[in-house]
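Here come two complexes built around chain A, the first alongside chain B, the second alongside chain C.
Showing the complex of A and B:
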């Protein structure tokens, strides 16, 4: 299985290549990609240099252009595809049908991957995209169990890539407007979720309150570590019960199930984290590379080392296990 | 300015779990009293709920059609199990009524047949709308988070498609494999005991500061506020919007439909229409922020967006 690694900066990109990534994915510095955070992502020149570096080391580069084209501003997304192809991106990762159509028509030879943001979660959906846009690979939304994936793999005519480590979307990706409901900025339109521009922390007595827009997302008593107010991982009241209504502040880790994913027919394992620093990327990629190569006896030690990198957060295997539902 | 054709009213599917008789009686009253031209029926949110309404679909369709309304059937929004795939395949293959696609599998299966596209399909630009139209989509209900500037541009860019706007009701914001509604009552999805049926208008999620924020509806998360694009109707009509969608809440939907009908026809002023909506759906807070490219929960009083 390929190891697909994130890079939000040229430095992280080189670290990922050096640490043994089979492919590195990254995006341009604008709203065309779903990690449109300040200080992240690549200029055209930076991507050109990154691709050249990757080539020297036999590593592929995937360019994520995975937000939805803003009506009337399609040129920005078209140019992103034009430039990704021109600069030699080995694949473009797309979510918008209109952009997939543009790419399939202009660049029939270009390898097209279906972004997790497209929300293709079943065989008929994937085959629709394969037939219509000649998609070669689908990145599955994090809503399927491993048996679901195994069944899907037998029914589709393209490769499967799945997220195995890093941030966890609780909602089906590409189908969530929670962030824009609270802030006006969404993953689909702006490439952001619960954006820092709308985050505020304030003290209230002995509690630290985290807010997103006009909403309290969590309250932390003295002594409890305060987390970032990602909307779906906040604490709320539902029918007078106080708690994490959607999901605890956990991150995804399915490394325990790597063999099952391989048997299920998965071609590539993806690490989330384009917003992460280069040291994190380097460490996660190299440990994971070794974990994948290790035999069953040696793997647990490597996996527990990986867990330390989840920044003290608890981890979950999420929807990959049925009991999560 | 050239006269614009006034948009017609459509009623989206009931997104909540209502028991069979309540669901049937709701549509009987819609058939008899509501000035809506199009009605979409069926289960969108959760395949586990289908058996509640199945016994009543035939009589509801008949009653609605006898009242002169066109009826279409919604597909499921989330299709992950083989059983769910089979349901969508059967719907696409066998339905004698037009189908509204609400996930990608239905879109793929309906190619070449006239169909409609629901608000849970990501249509953010004219290129996508044209692509779907070329495959048989005749009407598209645009995603609720789209601002008016995008709506206007898409309509201009995809002539020949009837566009619909989600104008009333709690906004479907997200869907998950996990059922937060069941979890909130100490259950899990696979043994949920249909607990979402206890909350026929959704279960409110409040912030820890007791501010109403969201509403749970099974695996779907909705807004706490009720979308109300009513003062915006002239602007939507002028932009070429063909249909105005009302999404059923557990309130007086006949009154809601009449209010919109009067507002579209210019028989009531916006302030009056808003007061009537608030009377038809007591205790609600209205929002229209998405339309103005603001946070969706916002209420922008006054006039047309730019």
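Showing the complex of A and C:
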């Protein structure tokens, strides 16, 4: 199985390549990619240099152009595809059907991957994209169990890529409107979930309070590990109880189930984290590479060292191993 | 790791202009070796960034648009658009990109206040710049550069958290 690794900057890209990534995914410095954070991402020249570096080391580059086009501004997304193809991206990762159509018509030889943001999670949806736009791979949303994935693999005619480590989006990706509700901006349209422009942290006594727009997301007591200020991982008062209504501040880790994922028909394992620093990328990619080469019994010890780098300093197998609250 | 009081206390006695002069020498040298450092800041270049080591009696104000760093004695710290507070060693680790900012934040060893967008842009800019303080500072030492660099690398390997710095 391929190891697909994140890069938000050229420095992180080189670290991912050096640490043993089979492919590195990244995006342009604009709202065409779903990690459109300040100071992050690649200019055209930076992507060109990164692709050259990757090729020297036998690594592929996937370009994520995975937000949804806005009417009247399609040119921004079309140019992103034009440039990704021209610069030699090994695959483009797309979510918008219109952009998939543009790519399939203009660049029939270009390898096209279906982004997790397309939320293609059943055989009809995936096969439609394969037949209509010649998609070669689908990145599945993090809402399926491993048996679900195994059943799906038997019914579709393309490769499957799944997230195995990093930030955990618990919603049907590409369909979530929580960030839009609180801030007017979303990963789907603007490339930002809980945009930094709307985030505020403040100390209240010994508590760390995180706020998103006009909403208090969490209050972390002294000594408790903190998390991102996303609504899906907020601590709320619901009826008479105070707690995490959707999910705790926690990251995904399904490396214990790698063999099951392989048997299920998964072709590629994806690490989340384009917004993370190069230290995180280097550490996670190198550990994951070692873990994939290790025996199943040795993997937990290898992966456990990554827990301190994770949101809330805890990990979960999420929906892959579904347990209802 | 926090800075031992034996090292922090002398900073209470040294006049701020003297500390500032040394700090500006290092800052200008780093900027000379990494001229693109602030390119990623975009609209946030005009902001005022505070770096307030929790274990030192002084804080630092960086103004990228003016290419300037200034030193301020606590508790008279300046107004900032965004500020980060944490141990001095952690702040240096972040400056070099040897520590992951999010991970340090999750652990509560770091506090970030003010304009998150500006601070995020600066974090990402620093992360991409490959600053290596032993090399950058060492190059100030002329013929003694190799010795200074080796010494600084040794100190860094002892004070940075174990999980950092193993990858390069």
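As a working rule, the second predicted complex is superposed on the first by the 305 of 325 C-alpha atoms of A that agree within 3 Å, B and C clash if a C-alpha of one lies under 4 Å from a C-alpha of the other, contacts with A are read in each partner's own complex, and residues count from 1 in each chain.
Everything below uses one rule, namely that a residue touches a chain if its C-beta (ideal position, glycine included) is under 8 Å from a C-beta of that chain, and two chains touch if they have at least 3 such contacts.
Just so you know, these numbers come straight off a predicted model, no measurement behind them.
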| item | value |
| --- | --- |
| Partner chain in contact with A:40 - chain B first, chain C second, else both or neither | second |
| Which partner, chain B or chain C, touches more chain A residues | B |
| Partner chain in contact with A:102 - chain B first, chain C second, else both or neither | first |
| Touching partner for A:296 - first (chain B), second (chain C), both, neither | neither |
| Contact residues of chain A, present in both the chain B and the chain C interface | none |
| Complex contacts: residues of chain A adjacent to chain B | 68-72, 74, 95-99, 101-102, 118-125, 127-129, 131-132, 142-144, 148, 151, 170-172, 174-178, 180-184, 186, 188-189, 209, 213-219, 232, 234-239, 241-242, 245-247, 319, 322-325 |
| Parts of chain A lying in touch with chain C, wherever the complex brings them together | 8-12, 15, 19, 37-40, 195-197, 199-203, 208, 220, 222-227, 275-280, 282-283, 286, 305, 308-313 |
| Residue ranges of chain B touching chain A (in the complex, touch as defined) | 77-82, 84-85, 88-89, 103-109, 111, 120, 122, 124-128, 130-132, 143-146, 149-151, 153-154, 157, 171, 173-180, 183-185, 188-190, 203-211, 213-214, 216, 221, 223, 289-290, 293-298 |
| Chain A contact footprint on chain C (complex, rising order) | 40-42, 44, 97-103, 105-108, 111-113, 116-125, 127-130, 163-164, 166-168 |
